[in-house]
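I have a structure here, written as structure tokens, and I will follow up with some questions on it.
The first chain written gets the first letter, and so on, giving A, B, C and D; residue counts start at 1 in each chain.
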Amino acid sequence: MLSPLDPIALQRLLDQVAADAPSHFGEGKVADYIPALAEVPPDGFGIAICDVQGNVYSAGDGGKAFSIQSISKVINLVIAMQRLEEDDIWTRVGREPSGQAFNSIVQLEVEKGVPRNPFINAGAVLITDILVSRIMSIHWVLREQARRLAGNPDINFDARVARSEMDHKARNASLAYLMKAYGNLQGNVDEVLDLYFHGCALAMSCVDVARAFAFLANRGVSPLDGSVVLAPHKNRQLNALLLTCGLYDAAGDFAWRVGLPGKSGVGGGIVAIVPGQMSICVWSPRLDTYGNSVAGLRALETLVNGLGVAPLG
Amino acid sequence: MLSPLDPIALQRLLDQVAADAPSHFGEGKVADYIPALAEVPPDGFGIAICDVQGNVYSAGDGGKAFSIQSISKVINLVIAMQRLEEDDIWTRVGREPSGQAFNSIVQLEVEKGVPRNPFINAGAVLITDILVSRIMSIHWVLREQARRLAGNPDINFDARVARSEMDHKARNASLAYLMKAYGNLQGNVDEVLDLYFHGCALAMSCVDVARAFAFLANRGVSPLDGSVVLAPHKNRQLNALLLTCGLYDAAGDFAWRVGLPGKSGVGGGIVAIVPGQMSICVWSPRLDTYGNSVAGLRALETLVNGLGVAPLG
Amino acid sequence: MLSPLDPIALQRLLDQVAADAPSHFGEGKVADYIPALAEVPPDGFGIAICDVQGNVYSAGDGGKAFSIQSISKVINLVIAMQRLEEDDIWTRVGREPSGQAFNSIVQLEVEKGVPRNPFINAGAVLITDILVSRIMSIHWVLREQARRLAGNPDINFDARVARSEMDHKARNASLAYLMKAYGNLQGNVDEVLDLYFHGCALAMSCVDVARAFAFLANRGVSPLDGSVVLAPHKNRQLNALLLTCGLYDAAGDFAWRVGLPGKSGVGGGIVAIVPGQMSICVWSPRLDTYGNSVAGLRALETLVNGLGVAPLG
Amino acid sequence: MLSPLDPIALQRLLDQVAADAPSHFGEGKVADYIPALAEVPPDGFGIAICDVQGNVYSAGDGGKAFSIQSISKVINLVIAMQRLEEDDIWTRVGREPSGQAFNSIVQLEVEKGVPRNPFINAGAVLITDILVSRIMSIHWVLREQARRLAGNPDINFDARVARSEMDHKARNASLAYLMKAYGNLQGNVDEVLDLYFHGCALAMSCVDVARAFAFLANRGVSPLDGSVVLAPHKNRQLNALLLTCGLYDAAGDFAWRVGLPGKSGVGGGIVAIVPGQMSICVWSPRLDTYGNSVAGLRALETLVNGLGVAPLG
């Protein structure tokens, strides 16, 4: 049913999407909860696609590095899914959408310290706790994973962002200590948060991110080097989780509008997966009230309609 | 990518799934909140598939009528999506997963009478309220819709079930009155509930249900008679909603295990959609703690793995 | 420690409080959730005191009847405490403050249909359910109780208010049906609400209310006719409950400012008890955001300071 | 109404209460959330009374030091009420009962970091934050306050308990960081908790505690040395707060059964105030499910009935 994409048409579509982006530059606002993010010029836009043959297309600031923030939660989870048994992970974190806007901590108390899924902050911190306790040199492993997936040895942590996050750790520390009070989080809270914030502070471009997650569109195999990142059934499971839980409290709306597995970050990036075809990454710093990039969401809608990709029919 | 299914192999797979079902008959328990459901013999199993050419395959009690219960929420929503403007629907009910197990009424109060999505009870009652106020002879319209979608003029309400539901209306009445207190539900509560319970009391077989929802696998076009049930983009949206919200508090787990849009009912039925290929309906009355059929879920997992259908990669 | 009050000084104090009341007439707004209450002229003020000898003092509109609304919850509870065993009451309703502003229904679901105390709406409806199921001719009994306690045979239900409440029953119906869903409320919801709304619709003046509740200041004995309304230990318990739970979500603030057992109603009345000395009733229709009379609260603060009454030291 | 107490009768009553206490030694269990508390022998009992003339009566282990735990919250609040303006305190912490058993952190998030009252953990930590930021040498000030109020220069922190609390700080740290995330808690979390835990670790006997809080029964004046601890209106306010909020989620039940302002701690101590007459302290380590001393509560009920003290009538 899916014809091979015409490279010229695809590039033209990306260029058009990038050209349209500035019409949304008035909407939303840049994340300001840490100074290092608040300083980012608000009106940039980038986009990149990596297809399952490994071909990359990009437009706008597609090559410019941004702070991937919560997109790092997927990298952390992939490491956990690669190296640990299912029970080591899924007895300590759930796989259900989180539901309420105010729920991070409410739900965590009602459900006795077990976070709903690995993509809300509490769940991502818990995954980090698992990594810290199980994997040696985990900071190094995390950075290597990002570099290898993206095929870019220059990817690095933005130390200033990581430090700024730690200086404003209060809410995440509250979540972490609550999980520790329930005995679910086992490590030292500051150590766990340090790794978590370093992941958030990874600086990657749209091209990097699209390449890094292209394996999710390719049944778990990286189109860059042919290596198996995840077994096919785990790959499908991760896509399912991204579809139901990837955009916080707007996951349902994203599924409704875009219909793809995806993950957003407050740095303005969003990655989306078209199974069997491609990964897409967009970036634009202004966020809506759910913390998702305004221009990024619009671009994805346009792109999905333009490409006619629709795994849900 | 998807080869045409071999009819003989498919039938053999269904027969095998039906033969395996009794091994799960010890688990779970039949819904007992209304007497009419509690009387159903607990150990039946049926399955049916309708592909996008309209071919039907079934096994076990695939032809035996059961109470579709919450699966009727999809029929109600389809009527609303066919006949009403988007704003008439989506300003009064959300499209997000509901998150917490205890949330039906908690969330409804926190969010001031706007239910999270059309598949939790509150949202389904609200959709019924919209139908009652906008559509003449709506009981008749609803039954005709079920008959026409399934191509079976003998489908009917089970009056005894509908009456039994009304006799035990307390929790749904509480939800309805709370939405009325917030001004979101506008009709007479008992009239609205009467329609809602009649939908729940529709008696259909696995074959009926699979045929009725085959359009969802076929970009909105019924393979039975070629009629357009929903425009393609609406069809895709409905599948997205079924994937994120169709199984209550187990939606995430269903996406993880089965990876398909689906909807369950406490009568023991579950319908699932393989976009571009087929609809599947299973039935078995014993339910897990989330209210989903135990043997039905197992059968779907086996079937999906056996068929290798995986829209999420 | 407490000198007998000088009648002339006391009357002068009441007159002064009444004269000061209009300075608060700009604040707050009249209850508007039912039309019959919304029509009350907003700027009245009345006050009355009944001491433990049965002497009555009043000022302003102290003799003008108003809708006692939630103050009727105390009358209902007194009937229950007089006629039923402790276990018939306190196994079905708690005795703890309710805490959260939005909690009526949230808490009721979390705590499985057992309301926190008899003075939040859910608890008062539950007490009414107990009365309906246990006491013959309960509408008549309720009116007689109000008449006998106040020594005024002309007290009556305001039928228009009762009907208006029933027409806007949605929120209370929601609470009632939720309790019924949990099996705690046992009667017919509409019958129970009919009694509940009739209690709310009792029309009494400040003088009536002060006289009716003077027994609470007098160790359970009515100073009007010397009859025992409640045994001393029950009387103390009821005062304790009024102190901790009588003013909804402002109970703590009322204890802090006024330091007396009390009960307010959205008709603008507040009754307060000085154990060993007197009951006080104030009335003024404009309410603060907690549903308590603005001018009434101010008057009580002034009065308590002026009288130097302080059971809490 | 209140005759001067007969010292011989009073002592006899205390002896009898102490003699009855062992009959409750089988019920409840010692706090075990920190090792230092779990080691306390479970079956002790002490009681002491200090009347408004400063006379002290005691029985059982009334002279034996125990960990006062949450009773220290009252000492902290008294320091704040003595030295700071009302607005410095009550804009940052409420004065309402907290309501739900699970609410510490739920409510804190719903109400954006403002704790309900100074006696739940979050509120007490917040009061400590205020003290830390405003008062020099606050550890020293706190210990001096305890010593001066009780007239016992030997009162000290139990360093082992304080350290053990810090080692198990997770839940309180979670509350503190959440309040910090909302900008309400301003200091360094570990510093604030260090003071908080030192207060909890004060070792005092029933005699010490009864003497320390006798001023609350005496309109704010210490009967030990005649010094004004709190102005009369503040003293009354504090008693009101103790009555509505002093026993967590059992405050309503305590008011119902005992009818006095009071404060309990998980070390097994409870202090209660009879305004105008006396303060009472009981101690026994086994706790009920609300965290209140089982034998202590029984002793207070017996004592209150025996003495016939009833400020609420």
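Assume contacts are C-beta pairs under 8 Å (C-beta built on N, C-alpha and C of every residue); 3 or more make two chains touch, one makes a residue touch a chain.
What you see is a predicted model, and the numbers here were worked out from it, not measured in a lab.
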Looking at the contacts, which chains touch chain B and chain C alike? none
On a C-alpha centroid basis, what's the spacing between chain A and chain D, in Å? 48
Hey, how far is the Cα centre of chain A from the one of chain B, in Å? 32
Between the Cα centroids of chain B and chain D the separation in whole angstrom comes to 56
Can you list the residues of chain B that touch 2 or more other chains? 102, 110
When you draw the chains as points and link the ones that touch, which shape shows up: line, ring, star, complete, or other? ring
Write out the stretch or stretches of chain A touching chain B in their complex. 1-2, 94-100, 102-103, 107, 110, 116-117, 216-219, 232, 235-237, 239-241, 243-245, 249-253, 255-256, 259, 261, 273, 275-276, 310-313
Contact residues on chain B for chain C in the complex? 102, 104-106, 109-110, 169-171, 173-178, 180-181, 189
